[in-house]
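First, the structure itself, so that you have it in front of you.
Going in written order, the chains are labelled A, B, C and D, and every chain counts its residues from 1.
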Amino acid sequence: MSELFGLWLGALLTLGIFSFLYKDNPFYKFCEALFVGVSAGYYLVTSYWQIIVVKMIDVLQVGFDKMMVLGYFDFQNWLPVLGGIFGILMLLRLLPSIGWISRWSLALVVGTTAGLYFTAYLASNGMIPIKETIVPLELTYPKLFLAHTGSFLKDIPATIWCNFLNVLYTYGNWVVTLGTFCGLIYFFFSKEHKGVFGGVAKIGILFLMVTFGASFGYTVMSRMSLLIGRVDYLGTAFGEFFKLLK
Amino acid sequence: MRRDVPIVITAVVGVIFLLSYFTPHPPLNVLHNSASDIVMIIAAFSILLGVLNLIRVNLDKVSKKKRDWPFSIVLIAGFLIMTIVGLFFSKGRNFMEFGTNFRYLYDNVYNPLSSTMFSILAFFIASASYRAFRARNLEATLLLVAAFVVMLGRVPIGYYLSSWIPAGFRLGDVATWIMDFPQTAGQRAIMIGIALGVASTSIRIILGLERTYLGGE
Amino acid sequence: MNFLGKLLGIDRRIIFLFVGVAVALPLCFPEVNLKIEITDSVKKVYDIVESLPEGSKVLIAFDYDPGSMPELQPMAESFIRHCIRKKLKMIIMGLWPQGSVQANLALEKVLREKEFEDIKLQEGVDWVNLGYTAGNEVVIERMGSNIKAVFAADHKGVKLENLSLMRGVRNFSNIDFVYNLSAGYPGTQEWVQFAVDKFGAKLGAGNTAVQAPLVSPYYPKRLLGLLGGMKGAAEYEFLMGFPATGVKYMFSQSVAHAVVCLFIIVGNVAFFLNKKKKRQGR
Amino acid sequence: MAWKKSPDDGAGESNVTTYDILRSNQKDGLYVLIGGVTSGQEEFLDNSTKDGVKYYYKIKAMGKDGFSISSPSQAISSRAQWFDMNRIYIFIMSVILSCAILYFIFQAKAGKELFIRKIAGLDAVDDAVGRATEMGRKVIYIPGIHDMDDIQTIAGITILGRVAKLVAEYEAKLEVPVCRSMVMVACRETIKEAYLNAGRPDGYNDDMVHYLTDDQFAYAAACDGIFVRQKPAAIFLMGTFFAESLLLAETGNSVGAIQIAGTARPAQLPFFVAACDYTLIGEELFAASAYLSKDPKLLGSLKGQDIGKAVFILGILVGTILITFKILDIGFVFNIK
């Protein structure tokens, strides 16, 4: 029974969110408020159990045991203390007179981020794409074929099209190298986009537009499937409801 | 103390973590690996600040009977129920196991709300593409054509529309070509740019040139 | 305002309505049978399962969560259906915490189907569910030397030694086919890099539409077959001669895509006519 | 470590299927299984050692019908290094990049004029805030959904500093709903400082920034509610965004707000391009705060970035030519281990 109740509750909330598509209304406001409250609670609970308990208290416990039983100090197990101290400093915000101390925690977090991101991004976003872009370019003529069925006249459009696509695929790497080059030129800040430089930058923008269009079209499918899943869920819930009515 | 200590902390910590990438030697490697945990712990503590702010703002709405105040009661109630159930009535740290009260709320309240909000994207993606994909100029046309071809190339309609062409050259193959070549090129240019932007921002932060988030005296 | 102007600035709720109907209506007519072009990579998975002799052992890795159910659950169901038809032994596991739960849902659903009414399958003999283990690709790597070192017991806590199906299963060399359902990390990429490259497992996979192009370069050499998105799920059901959820969803998705495309076309036609009119008016 | 193949490897019936690697602290002690490889391989890398400790290894060849164990290896110990030689090239790249950026920062400090091209999205910031003032409606600023441990969030907050100063000067109204508690604290500090610099410290209050929830979709639901009910004149979306990008941008568009967005998440850029008036693409997000501040030191760092870009472009061109004519593959320089 509680399972069925849960299903209907979920279905009702689903409808509440969908109602926003028509316009803002009390039903949506209710769902929104509930969603914000419940999710804030969810994150509080998860942070407590999975971070404070697992990543701090448990680790410290092991460090403490190592010290007591094995008699040696394992640096790694005591690092969470650092997090704890700066976490508590953060909470000093609640006391207006010394709230400014929380800036120390912010400074620690921001410093860590700046240090780690510099190399991480240089590696994953800088070096690796460059390595992947360095590939041999095709220097030969493409193989053209006259007709795919034997009779050229019968299917001129198809043949032209096939050759066209064949050429596109043969010189694909040229497109990648050229596109990466022009795209990077677009990002130059300290040179005015004029003359030849401006022209190349313009081609760069065109490449970016194709990129955006393609990844937009690419995402449509997965978004549609999410909606299909939701609508099917609603269908199941209503199905159960009508079964009960009968 | 208010202004200079944070700048020193940022600079010192920044340099340590920058170097830790290149040094597999203790204690730097240990620090490098524990960095995300330390930050997570700080974030976990500070979540209390946000939650108290949320409660305060909404209590304020209720007490002053501001617009839509009844919904603030719903919000606070939702928060309290979820928190109390999760902390005290759901098998402690195994709170997400099947059969716990917390899990029940997660599956039947949180999850439907979350996945519905996610699925609304299907509607928005349709209205955004109707409005944005118009052949106003060359750039908009390329955006439109690329989106259109990739969208069609990935479902059976694309196959029906181009079934007169021999296999290997159909709409789906054009879509693949766009994804594999020009799309890859654009992505790479963006990614490399980002790497440089991040590097420069990091250096500005470490040098203390960007410090608005630390406030003034 | 004239008609064209109205059309260009159409209330987006009308578009919402069309999309909603396009998605919901096809779901109400599951009988409609779309003709589906079968992709080679899907046929490969089907052929491999067809070629396995009765009693072969198949490992099914469920690496996704409910977020990807619409795409991957139909794939899981039809693969399990195929295994039961061919009387194969199924070893189920998950690298995602929710994976083995999804597996149970799929298994329960298939076992309730009419086709299998008379078949009594026994857990531990005909299938086992090893549950979830944390560790991502390291789990795969360690399974390569000894599965029992990674999974001591199944999801109900029964020791592996006491499961007759697991007797004689030491590592990938005792498994005839591995099928991975993946929605991201860890998933097919990790299975290819560890199970296939290091231990020579035979791997087929089903991926979400977003993931599929990322792993398609592995096909056909390192990845023997691949199902991509709802289309892949529908194709497999088609091959099985058992159109079910996948075909139904696929139909819905096609109509929805068509509606979005039609709107784009209408928008552009209206845009150009309007521009022409304005030019004439001037 | 390496060994010789078993004679049975690849030979008929009693084929070796796998090699198990066993390890111990003592030569005759208890050996524990630490990993394995399939037949045909002769190498194994042990990543689980403690530095300075001596280890002994044995190889166990597993066949279908049984196994055989090798005699113990020589004592081996591993040792930590102060510099990871695998990362030498990225180190060099880091040094070049840092030097270029620092050099131009100092040049700018010394008073050298630097040219920076126009960035349309940022030139529109003024208009957007001005419009909000005229209409008497709010400016809403969303600094993404990640925490302070993401550099995009930090970039978003530094841009907030510049926008908040404008808002203070124009005496418009600003609201910043946030998704993370630390971001809330940082945003408050930022806005307070901006109001102070604009000479309007009394215009600031803490309630301009308020926390909603950590959850991405609940946050999006609440922000959509705020958009629809408050009908802001301008919306800024700057930082890390995931799927909620379009939920926010499309609702913002429907209420007629001027929207300026920026993110370095390539997957979300198309949605901002489709639904917002202006979009800062990737690197432009990181350049925005320097651009808006017009501070020569910050602008200098942009010039330094361009030097890095030139080096990368050169690397790609030279590398491609060399590999096309089969002279040399310099890919290893950019390899990351």
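Following the convention adopted for this analysis, a contact is a pair of C-beta atoms (placed from the backbone, for glycine too) under 8 Å apart; a residue touches a chain by one contact, two chains touch by 3 or more.
Fair warning: this is a prediction, and the values are worked out from it, not measured in the lab.
J.: If you take the chains that touch chain A and keep only those that also touch chain B, what is left?
T.: Output, common partners of chain A and chain B: C, D.
J.: Would you mind checking which chain's C-alpha centre is most distant from the centre of chain A?
T.: The chain farthest from chain A, judged by C-alpha centres, is C.
J.: More C-beta pairs touching across which pair, B-C or A-D?
T.: Between the two chain pairs, A-D has more contacting C-beta pairs.
J.: Taking every chain's C-alpha mean, which one sits closest to the mean of all protein C-alpha atoms?
T.: So the chain nearest the centre of the shown protein is A.
J.: What whole-Å value do you get for the distance between chain B and chain C if each is reduced to the mean of its CA atoms?
T.: Comparing mean C-alpha positions, chain C is 25 Å from chain B.
J.: How many angstrom lie between the CA centroids of chain B and chain D, rounded to a whole number?
T.: Here the centre of chain D sits 12 Å away from the centre of chain B.
J.: Rounded to a whole Å, what is the gap between the Cα centroids of chain A and chain C?
T.: Result: the chain centres lie 21 Å from each other.
J.: Where in chain C do residues touch two or more other chains at once?
T.: As it turns out, chain C has residues touching two or more other chains at 12, 16, 19-20, 23, 67, 209, 229, 253, 256-257, 260.
J.: Could you list which residues of chain B touch at least two other chains?
T.: Residues 18, 21-22, 26, 39, 42-43, 46-51, 54, 68, 111, 113-115, 117-118, 120-123, 125, 127, 129, 131, 133, 143-144, 147-148, 151, 154-155, 179, 187, 190-194, 196, 198-199, 201-203, 205, 213-215 of chain B each touch two or more of the other chains.
J.: Where in chain A do residues touch two or more other chains at once?
T.: 17, 20-21, 29, 31-32, 35-36, 38-40, 42-43, 90, 93, 103, 105-106, 109-110, 112-114, 117-119, 121-122, 124, 126, 130, 133, 177, 180, 184, 187, 208, 211-213, 215-216, 218-221, 224, 226-227, 229
J.: Where on chain A is chain B touching in the complex?
T.: Residues 2, 5-7, 9-11, 13-14, 17-18, 20-21, 29-56, 75-76, 79-80, 82-84, 86-88, 90-91, 93-94, 100, 103-122, 124-126, 129-130, 132-133, 148, 158, 161-162, 165-166, 168-169, 172-173, 175-180, 182-184, 186-187, 204-221, 223-224, 226-227, 229-230, 233.
J.: Under the touch definition given earlier, write down the residues of chain D that touch chain A in their complex.
T.: Against chain A, the touching part of chain D is residues 89-90, 93-94, 97, 114-117, 119, 148-151, 154, 182, 185-186, 189, 212-215, 217-219, 221-222, 224-225, 228-229, 266-267, 269-271, 273-274, 281-284, 287, 302-303, 305-306, 309, 312-313, 315-317, 319-320, 323-324, 326, 329-331, 334-336.
J.: Quick check: in the complex, which residue numbers of chain B touch chain C?
T.: The contact residues of chain B facing chain C are 98, 111, 115, 118, 122-123, 125-127, 129-131, 133-136, 144, 147-148, 151-152, 154-157, 159, 176, 179.
J.: In the complex, go through chain C and note every residue touching chain B.
T.: Counting only chain C, the residues touching chain B are 10, 12, 15-16, 18-20, 23, 34-37, 66-67, 101, 209, 213, 229, 231, 250, 253-254, 256-261, 263-264, 267-268, 271-272.
J.: Using the touch definition up top, name the residues of chain C that touch chain A in the complex.
T.: 13, 16, 19-20, 23-24, 27, 67, 69-71, 208-210, 229-230, 249, 252-253, 256-257, 260
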